[in-house]
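Notes to accompany the following structure.
Labels for the chains are A, B and C, by order of writing; each one numbers its residues from 1.
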Amino acid sequence: MSAALPGQAAGAGIALDFATYQALVQLYAEYACAVDSGDWDLWPGFFVDDCRYRLVPRENHERGLPLATLSFESKGMLKDRVYGIRETLFHDPYYQRHVVSLPCVHAVTADGIRCETNYVVIRTRRNELAAVYNAGRYLDWIVHTDTGLKFRERIAVFDSELIPNSLIYPI
Amino acid sequence: MSAALPGQAAGAGIALDFATYQALVQLYAEYACAVDSGDWDLWPGFFVDDCRYRLVPRENHERGLPLATLSFESKGMLKDRVYGIRETLFHDPYYQRHVVSLPCVHAVTADGIRCETNYVVIRTRRNELAAVYNAGRYLDWIVHTDTGLKFRERIAVFDSELIPNSLIYPI
Amino acid sequence: MSAALPGQAAGAGIALDFATYQALVQLYAEYACAVDSGDWDLWPGFFVDDCRYRLVPRENHERGLPLATLSFESKGMLKDRVYGIRETLFHDPYYQRHVVSLPCVHAVTADGIRCETNYVVIRTRRNELAAVYNAGRYLDWIVHTDTGLKFRERIAVFDSELIPNSLIYPI
């Protein structure tokens, strides 16, 4: 597993105190609620300014290929994306629902927390049945800030090679 | 997020001690196991006598419309529903399986715990493949009782506007 | 619920200290990541030598019928299975993704931890959409070892009576 997370400190522990553990689970849960709420402005707030968000097909990730479905390198780019979702991207609205699996902590260091979590996103379109939309895992680098835990990096590696229409909203 | 939970105390903390946290996760997990077990009599036991259970389409919930798919205002009504499931509701039996996401705690006060959690229910009918049945979020008000944590209120807001046949068993 | 876990000590507590709780969640999360990684050699490492792994349809489990889809009685048999997956079982490769629900602890004794957890596995085949593959619950007996928590027994009881093709990879 460790090999999946470059940058992980060798020999780092994975033990967290309970307050940090609860904050970590809360971060994951609030993120899921936020991106499913339809209030897209909440999304960038989960990241530090100097962040990285990528949505990558598993095949590309595992082969080390650079191509990503989405790739943002700052909180400003996330805000641009939110603007795009609301104002410029032509799409049929849909509901999405993230169900996040139990967190797998890889390393806890002075540099932050490296953590991985499986997820599935269920999509519901108007007048259609709910269906699996996107499944994969989050590879996260989480840091402490004055306003709590934030993502320094979130990479969503999704298994699906085919996507039912475009991925518009944040995963 | 806070706006989604009317009744939430302003400025309330969300920190739990570990024993309460484990009890909260256990409540969610036992509820899921119980409603998936087929032993419907277990279901009302998760609620206090003076409880509220609602199953509401997301559209109605977000527009503040009163219509709910199911709406029960006491433990007695939950028991009536169980009687209905077993004795009077005509339906094809099916298996259901709840997968519950990580809990998002909104407020911890003397009044109890306000918490929200995404869920997906997978249904398996005889001689059919398992498929997504219902996805949404639980909006919960949980209280301490002499017999542990119980639901004072559980509102399941589901994304699906179409439902594959009726919702018979508890979500 | 208790009735579902034969062998559970009557009156046993379910409280865990936080370090053990984190280790339990971590075990579940690492197992899911491992069996989804495609590196099948990781799988036997989650079990003690004298272990039991079964994959059983719900109908057989509930009726006490002995037939299982898979049944292994030692770590050696798990390693044989891994060899089979890689070398002898003819199958179309696919990705799988486990999303594991919150753990429901049944008993904590000197003998280990009895725990139950719902799960869903999403499968993605080349050039197909991701879809629900297998849903059910894990019935686990987890023990302390010198190298951390391991499975003494993991029984996956799945709801699906029909399976889309064979179950090749570990659930």
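Going forward, a contact is a pair of C-beta atoms (placed from the backbone, for glycine too) under 8 Å apart; a residue touches a chain by one contact, two chains touch by 3 or more.
Keep in mind the model is a prediction, meaning the values are calculated, not measured.
Asks: Give me the superposition rotation angle from chain A to chain B, based on Cα atoms, as a multiple of 5 degrees.
Replies: Rounded to 5 degrees, the superposing rotation is 120 degrees.
Asks: Could the interface between the copies chain A and chain C be described as same, meaning over half of its residue numbers are common to both, or is it different?
Replies: Looking at both copies, the contact residues mostly diverge.
Asks: Could you work out how far the Cα centre of chain A sits from that of chain C, in whole Å?
Replies: The computed centroid separation for chain A versus chain C comes out at 26 Å.
Asks: Going through chain B residue by residue, note those that touch at least 2 other chains and give them in order.
Replies: 18, 99-100, 102-103, 120, 132
Asks: Within the complex, which stretch of chain A touches chain C?
Replies: 1, 4, 14-16, 18, 21, 58, 99-105, 116-120, 132-137, 159-162, 164
Asks: Help me check something: in the complex, which residues belonging to chain C touch chain A?
Replies: Those residues of chain C that touch chain A are 18-19, 22, 25-26, 28-30, 32-34, 36-37, 42, 95-100, 102-103, 120, 122, 124, 126-132.
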